[in-house]
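The following pair of complexes shares a single chain, chain A, combined with chain B in the former and chain C in the latter.
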Partner chain A sequence: MRSMIKTSLAAFGLSAVMAGGAFAASHSLSGDLKIFLDTSNPAPRATMEAMIAEFQEMHPDLNVETTVIDREAYKTQIRNFLTAGAPDVATWYAANRMTPYVKAGLFEDVSDLWEDPEIAENLASTKGAMTIDGKQWGVPYTYYQWGVYYRKDIYDELGLSEPANWEELKANCQKILDSGRKCFTIGTKFLWTAGGWFDYINMRTHGFDFHMQLANGEVKWTDDRVRETFAKWRELIDMGGYIDNHQTYSWQESLPFLVNGEAAAILKGNFAVAPLREAGLDDSKLDFYQFPPITEGVELAEDAPTDTFHIPANAENKEAARAFLKFVVSSNVQTQINNGENLGQLPVNAMSSVDDDKFLNEGFTMLSQNSPGGVAQFFDRDFPAEMAAEAMQGFQEFMVFPDNLDDILARLDKVQERVYGN
Partner chain B sequence: MFPRPIQTQPRAAQITYQALLPLALIMWLAPLIAVAIFSIKPDVDFTTGNYWGLPSSFEAATNYGKVFFASDMPRYMLNSFLITVPTVIGAVALSCMAGFALGVYRFKSNIWIFFMFVAGNFVPFQILMVPVRDLTLDLGLYNTKTGLVLFHIAFQTGFCTLFMRNFIRQLPFPLIEAARVEGVAEWRIFWYVVLPLMKPALAALAVLIFTFIWNDYFWAVVLTQGPESQPVTAGITSFNAQYRAAYHLMSAGSIVAAIPPVAMFFLMQKHFIAGLTLGAVK
Partner chain C sequence: MSTTSPAIPATEYEPPRRSWYKRNEIAVTPWLFLAPAIFFFLFYVIFPIFQSFNISLYDWDGLGEARFVGLGNYQELMDDSAFEVSLWNNLKWLVLYLLAIPAGLFIALLLNQTVTGIRLYKSLFFFPFVISQVVVGLVFTWFYDPTFGLLNAFLGVFGLGPVNVLGDPTLATYGIIAAGLWPQTAYCMILYLTGLNAVDPEQVEAARLDGAKGWKMLWYVIVPQLKPATFIAFVVTIIGALRSFDLISIMTNGGPFGQTRVLSFYMFEKALSEYGFRMGYGAAIAVVLFLIMLVFIAYFLWSMYNEEKGAR
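Right, the complex of A and B next:
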């Protein structure tokens, strides 16, 4: 019940703050505005609904209709509703995940919004992720960092410090293993978690640009540089750094190993913090470090998956939809919806302020100051869906049977030819 | 190897049987027991790995409270009723009439029409997915309860007609002949003679179709989206959050969703079993 009260309080606070905002001046919009959301979790849902209610209040002549669809179901239903019965605004994801809909002409080109200096300057960090063929196809509304979340108390007990490079990471790992624990917990049952490991090891070994070349099919999977990435990965696998039988756990089922002290760290997005805190790991026990460099001189790049709003090409009220997108990315709204009581993630607007949360602050600093190489979206968003599905299957197989690497890479080459061929 | 009464078996066999029975029962029910236990656990038990142990705190009131008051579950339940009840009425009504025609009248293509109804049952429904979706779209019935009801009626009528036709065939034909001799109109024969005799079949079929439709997940996902039209089976997945699956709420939701068909089964148990075997022996 407590979280419900918190959510409604947060929602209340949100509307109170925004009511005093600077949006009163915008001219009146009318007609219907149909919004489809995939934020089906109670807390983000309340945040979104409060934000939309605020927008409605600013435009009393506009009839805003919101439909919240379960996030997983949404992924399949979007194909349906973009062609038949399109809403005016829909949530989705940045980068390659929007490619199919852009190529099929189902998303509206919103480059005009991005010409507005207020958006162009303040949202510069995510512009790349919204751009396909030199045009922008939507706006981001939230993102979050990835990195290593570790048990500070275990590190202290063993006298370890945050690793500054790959050798230190392995040295730490050996000591953790000697103490009878595992270095990293992971649940690869649903594959994507392994994609995070590949992202980081590949970006740290060869850099962001190489990673994107692979994503765009310009580099073969059997390329020696890709093999180097897997060789690095194998060093951790061979020393037994990961928990056993990880292929049978979902990511949530892999958390108990960390909570119960059987594993010392997890490579994960910031969304792991909430359940870990609930399970009793307070800030004295849980800490965060940026994935350390592997090859010296390679610029650090991070995974920071971005959630977005789009206007379907078949939308009916595009004027109101554009006004809504502008409203969403404005700095006050960004500060509010991303604070700890609402989404608890990072605002996309550089003028927004970050909530006073240890992990959000570390993430914000990391992404804004220590990610010179670029910001990736995550494996299954950067790589085309079909390629990503096969590749992540391969990563899981590699983590369990590292000797199969040649087979796996040859297979991925074939998939690559098919996926990028046409 | 015919099953013989356990009382006639040697003592050793009886003891083994008595020992293994509860064991097998628990294993068979384990998933259901898990769902029941999960539904009263707090979320944190899934992060600490306490899957099978005692709940760290009893959250039955919180979890079920959330299901009823902080989610769309009541709406989904209502949708399920609004989809299931018209389907049962529609499918049973249509199949009664079709069954009557096929069971009582002898006309040339009788057997072929009957075969068509039967053959419909052999079509794997998955292959109908794309055409049916396109059809509902063209008719403007996509994402409506009406669309779902109409499709279910159409699809279930095949099985129902088979069932009803066989049942009517078993009725003593002289009853109908006697009525005809008296000069009773055909529709009155249907209404006053045949229908009252079909009551056990009607009850059995209604119970059967109710559970079929209530438990349908496939078509609910294909033909509807969102709480304004989706039934509860599809609605349960809305507890899956962006990053986390709320196992405790999903379990509580599943239990709530399972109550109507289970209640139906226990209240109408006699008819249900009759329904399963009615068409079996001709």
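Right, the complex of A and C next:
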């Protein structure tokens, strides 16, 4: 009986569900909707819960159950719950990070949602990151820019300006070093932070397409072009541009160097802004610049990791799940959840407005106007997991012992052969 | 009156038909009591061991189809420098962790006296064993911190340069082992303290009359009597060394560049962590670790068996 109502209502719901304002009209979804979230940090958690409460209000007959799982634990648990006891909606990451689940048939193909012009037109910028084998496997809900966050007051004191190319970046760095500070703070204990540096130096030296060829295993790590990237990186390392002992610190532990003025800048995602502001760096002291070009003529490409929602293939209430996905990407909801009081990131919907925040605005402008080369996800999302783990460990070793490079690259070649060989 | 049958009770005892269980009660009951434990032990301990052996022959990501590769995973292990590093680190742990036994003995001897407040001192020395390994790891991470750590402040007094213990690939493992020795010494100390209670005062008295003192007294009179405590301390220390995982995970996360991994941590990284889901490869590492442990387990069982035979 119940399932009959469910199916008939669901069929009705499908026709009634429209993006944006049309939601208020649909009271047609029923049954249970189980949502698993990895947004375990306090602010994102509250944002998500408020958004889900709103969705619940629109569909009083639907019984929404939300489970929030610790962000790190989620990364291993997802493998279990996708196969047994799947929720109807689950968060995850775009690009290569979803490949294993797509290949194993655990994510639902949601290409139908992407045919809707409302989504197709407004979410065009992230479509590539959601596409595998020509189909879309989920929707994005937020993304954020990467770039250099620097101490404006220190730059002013030394009379420096935002670098327009690699030479200027190094010249700035030399002046900063002469003033007794370090140019960049970084904490590589958990390895991935070094991946950001490799992403940028590689994309600036050889471009987005080359970077992706490497990610796809079409270029060997011992290739001369990869060596050039490391040579550029080494210039900064040999200057002493990075803080000492970075291999002992997490990224959070590397922030005090910036706050105390012992280092002048950090290459990081926009999520670093909140803790830096909390530590007392207001907008007069903290500023942002796009990572400068290295090779002339190479189109600028950016890292902008995208967080996503997916429907597991084993979900029970896929109609309600689809409605929820549409709801999440609608322009109003996107404006709401990504504003400074909530996630403080960039909305994925082109019709949404970006919150009036210095860094969000700069990031939005950069990604929409000044990133002609393309948008990468991040090293450990673009490269297959195993390759990424080995490579990032190599980056850390390189940053401490640059002379080990040959050994590192030979090792990475070996891993590459195995990872892409299968 | 005499027509009715006499109301006397039946004098002949007719034994009731005893059930099968009643007849075999003595033989069956122990097995019934053991059954739950045996069942769970078989299911959760013995069965997974064979399962691990089996998985180690496959190439499997935990999601898709498992592909049989025979001994391929083991072949790859032979050629894997990270595995080699982990194996050597395991060896370092095994050897250096044993320092906890003499250290524990000497602290126990120091504390085995009647002074006011000795209970307080004993509990203070026992304290590191009570707190969680995670806390121990954090405390030592701060202690070693290259910029504001106590260790470098202390070394600075003697004009010695700053050392980044956990960031230096040659020192990091020793740094972690030192952190692990802190609670392990406390554990051995408590074992010896209870052992010292059982030392026969008459033997000590007799030895003293014979002129034994100092080291000789300790080595020839006290230590032999502490043999049971030493054996237990040895067992828990070896097992503790092979199980080392939490400290590594907290203090260095296997780094810098994988130089502080041990087998258990490497297995976790390869099979269960964020980036690696090579169940077969992880299982192969687990099998190697199991075989190493088996050597010690066999030795422990053998010496316990001998002990019991001797006691009879």
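Here, the second predicted complex is superposed on the first by the 399 of 422 C-alpha atoms of A that agree within 3 Å, B and C clash if a C-alpha of one lies under 4 Å from a C-alpha of the other, contacts with A are read in each partner's own complex, and residues count from 1 in each chain.
Keep this in mind: contacts are C-beta pairs under 8 Å (C-beta built on N, C-alpha and C of every residue); 3 or more make two chains touch, one makes a residue touch a chain.
Keep in mind that this is a model prediction, so the values were computed, not measured.
Touch criterion met: A:Asn245 reaches chain C, while chain B stays clear of it. In the superposition on chain A, A:Phe271 makes contact with chain B only, while chain C stays out of contact range. Legend: residue contacts after superposition of the two complexes on their common chain; A:Ala279 is shown touching chain B, with no touch to chain C. Shared-chain residue A:Leu191: touches chain C; no touch with chain B. In the superposition on chain A, A:Ala73 contacts chain B only, with no contact to chain C. In the superposition on chain A, A:Ala104 makes contact with chain C only, while chain B stays out of contact range.
Of the two partner chains placed by superposition, only chain B is touched by A:Pro44; chain C is not. Annotation: chain A residues 72, 76 touch chain B in one complex and chain C in the other. On the side of chain B, the complex with chain A involves touching residues 43-44, 46-49, 62, 65-66, 70-71, 133, 137, 142-143, 221, 225-228, 234, 237-238, 240-245.
If you check the complex, the residues on chain A that touch chain C are 72, 75-76, 79, 83, 100-101, 103-104, 106, 189-191, 244-245, 247-248, 380, 385-386, 388-389, 393-394, 396-397, 400, 411, 422. Against chain B, the residues of chain A that register as touching in their complex are 1, 4, 38-42, 44, 67-73, 76-77, 80-81, 84-85, 250, 252-253, 255-257, 259-260, 269, 271, 275-276, 278-280. Chain C meets chain A in the complex at residues 59, 61-64, 81, 145-147, 164, 166-167, 252-253, 255-258, 269, 272-278.
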